[in-house]
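The structure that follows is given in the form of structure tokens.
Chain lettering (A, B and C) follows the sequence in which the chains are written, and residue indices restart at 1 in each chain.
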Amino acid sequence: MSDATQSAAAIPARDPTYNFAYLDEQTKRMIRRALLKAVAVPGYQVPFAGREMPMPYGWGTGGVQVTASILTADDRLKVIDQGADDTTNAVSIRKFFQRTAGVAVTEKTAEASVIQTRHRIPEAPLADGQILVYQVPIPEPLRFLEPRETETRKMHAYQDYGLMHVKLYEDIARHGHIATTYAYPVKVEGRYVMDPSPTPKFDNPKMSDCPALQLFGAGREKRIYAIPPYTKVESLDFEDHPFTVQSWEQRCALCGAEDSFLDEVLTDDKGGRMFVCSDTDYCGDRRAQGFRGEAAEDAA
Amino acid sequence: MYVAVKGGERAIENAHRLLAEDRRGDPAQSEIAPEQIRDQLKLAVDRVMTEGSLYDRDLAALALKQARGDQIEAIFLLRAYRTTLPRFGAAVPVETSRMALERRISATFKDLPGGQILGPTFDYTHRLLDHDLAEGHAPAAPAEGAPAPDDAPRVLDLLAQEGLIEEAADGDRPAREPGDITREPPSFPAERDVRLQTLARGDEGFLLALGYSTQRGYGRTHPFAGEIRLGTVAVEFEPEELGFPVEIGEIEMTECQMVNQFKGSAEQAPCFTRGYGVAFGHGERKAMAMALVDRSLRADAFGEERDSPAQDEEFVLSHCDNVQATGFVEHLKLPHYVDFQSELELLRRLRREHAEKTQPEAAE
Amino acid sequence: MTSSSEDLDAQPLLAVEDLAKRYGRHMGCEAVSFRLWPGEVLGVVGESGSGKTTLLNCVAGRLTPDAGRVLYSDRLGAVRDLHGIAEPERRMLMRTDWAFVHQNPRDGLRMGVSAGANVGEPLMAVGARNYGAIRSAAGDWLAKTEIDVGRIDDPPRTFSGGMQQRLQIARSLAAGPRLVFMDEPTGGLDVSVQARLLDLLRGLVTELKLAVIVVTHDLAVARLLSHRLLVMRGGRVVETGLTDQVLDDPQHPYTQLLVSSVLQP
């Protein structure tokens, strides 16, 4: 299949110049303490002393630090960006952990013990014992309504969340429906309003009552938060304008799936386009099972 | 048959090979050595050390070479390297009043103990391109003179003797151990130790613009350059098992102390106030800009209105780090297919609904 | 108009005891005590610098006084010491029981969101989650404050000054407060607009049986709105009594000066 799978099969030796998974053990302990607190207070943003990493801020330094702190030599790591294992940044982060931790990697959602992701939750249901690590750019769901940290921390402390609904109200007043499509705010276990990271709202329902542990790392903003397994996560809405997810008129052109998030691909400069699964592993799995879409090689 | 685009490791590897070739440039030219950068592009190296928070001329020069002269990229390289270094402890505070001076000027007193020392400066040069530098040249030997005194008192200490300026330890100095922004997450409001650390590694351009804005009326502080000094200071470290400090080396640094007006309040008599700036190596512009911004950020301590950007602690401290800023700005290059797809779908729907509303007949 | 202060069995809504606030050596207000009964409108008058706005801010929980207490009797009859309770509890009171009307409507409105959202926000802050119900409540409040309901989706920056002030009043009353603080509510408006707003305010206060503390330097506003008056000078209360009594037969020389300096009609 792709280049990534081939190189993923052979586990390269760990580069001994660096400590296991790059970070020193003290830093990992500091991050683990923050993670424990985050798990204990679901949805609460725990400040942590994020380190400078060898990749730029905004490119996954938070997720990388979380992954580095929880990774063990026996883990099998999957890294996705936009749902795909072979996007450049996913490739780069996977290589980083192959080099510094020497861990096994995989593209199979079901085989991974740790999955680091940017912007998607895999389509295949996650299982007990798996950990999903999200890369988060702006952890504060209230940030674009109130830019000041000193204010937003008070708003969380006092559950002063009226402003959050003002935004949704304005959407409905203007457009007839809520016009937030990604980074759609959620309330965790009835207490903290939380930013799910810029995943499409399509993925929001997967967060609730999920058997896997969900960890969120924001490196530049130095915040960690978590959703423990089987925690209730509600997307904010109004009784008479309930939360809904995106749906497509099309099916995946490769595997025919009608239940997955579809990426639009421009096929020519005359308006030609097709829709394919954003989750490449899910799509490949379905094709291996014999499902075919209209543009698949042996269809038609 | 459609085959989805693969980002692929090969593309990344090829891009990096191209980068290496571009970095080398025309192979007919001799390759630049880090030592040349270290010695001949000193000010670039100094800035990388200051904002990279690591005093190592050779590594900073190497970073500049690797970054093809891009300062922020070089700073980033140094910072990422710094993360991997073990920490032995904190040095004893350096004593800048015992600095071996290369340069020392005051804009507040014509003459003063220790004298004014101009040192190596662009000041008072005419900014005319010097075509002689295009060829190899040997500069004339500098003039010889009496060695600079190594215990010139700081100008602000002279003012303090008369009580004309606030005490340095004016309650801004915490009773606790100073904070460490590389080991503790930021929280607001910040105390001055943390503010100064953040400003010290803050972007020179950003602080320069903010400092400039205070001079143009956005949070005016009526500053005078009380003293700017450049020179080397000894770094001392006290190993726990020894119980007394030992000198472990020396570093070159620039220090700027601004003197600012303060009209006084109900509790406080009028006096001068301080703004403090510091940089590794020779970094006058940075140290001065930092001193202006430091003083502006102390608005609350003097009951001044806070209504300008340079007085807004959260705004200044949250945005002055160029490694953070460049990472987040440049992350827009990363794929956002999924979010964009979601917005695309919404936009199409909104446009369809809009068309149905405005042209009901067309919709039929 | 009858003053509810005659209901002597009723528990006061608010009891202010010996309140003081200093700014360095300068005194903001000192030794201020008064009571406010449900449905009563108390006017606080005095020239600028007399300490009336400082007093209002201390009583409304926006400033912490240096001495004294503010006791509030809540809907269940429990008495709460405003500056003794924890911040979350105080914020909850401010959302559910109290409202504040600023002189400048920009201080009380969100200028970037629609009029409907401005009025709906206090409802959403206390848990309203039905869009249709929030919107119709917002529409009702716009109508009550004489704002064209057709403007419900317009942002307040497109409104005139008088409309903005009426919108602020609608927003402050939407969550059904028992006690409203007003700081020079007609201060920034021209005279003809003032009269209409005062009329509106008087009607709403009576209809909703609101208790109000209104700070004003304008004796005409005080006469029209309030049952009782506190006259302040140099941070202290120099005279207090029923509005007509104070204005028609002032006892303190400062009040006499204040009253005589107003052009009689």
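Note that a contact is a pair of C-beta atoms (placed from the backbone, for glycine too) under 8 Å apart; a residue touches a chain by one contact, two chains touch by 3 or more.
Bear in mind that the values here come from a model prediction, so they are computed numbers and not experimental data.
Relative to chain A, the most remote chain by averaged C-alpha coordinates is C.
Inter-chain contacts peak for the pair A-B. Chain centres here are Cα means. That of chain A falls 34 Å from that of chain B.
With each centre defined as the average position of its C-alpha atoms, the distance from chain A to chain C rounds to 48 Å. The residues of chain A lying in touch with chain B in their complex are 2-4, 7, 18-19, 22-24, 47-54, 56-59, 61, 81-84, 86-92, 95, 118-120, 137, 148-150, 175-176, 179, 181-183, 198-202, 220, 222-223, 246, 248, 253-254, 261-265, 267, 274, 276, 278, 280, 295-297.
Taken in their complex, chain A has these residues touching chain C: 157-158, 160-163, 165-166, 169-170, 172-174, 237-241. Within the complex formed with chain A, the chain B residues making contact are 1-2, 4-12, 76, 79-80, 82-84, 86, 182-189, 314, 318, 323-324, 326-331, 334-339, 341-346, 350, 353. Those residues of chain C lying in contact with chain A across their complex are 87-88, 91-92, 95, 110, 113-114, 116-117, 120-122, 124-126, 129-132, 134-135, 152-153.
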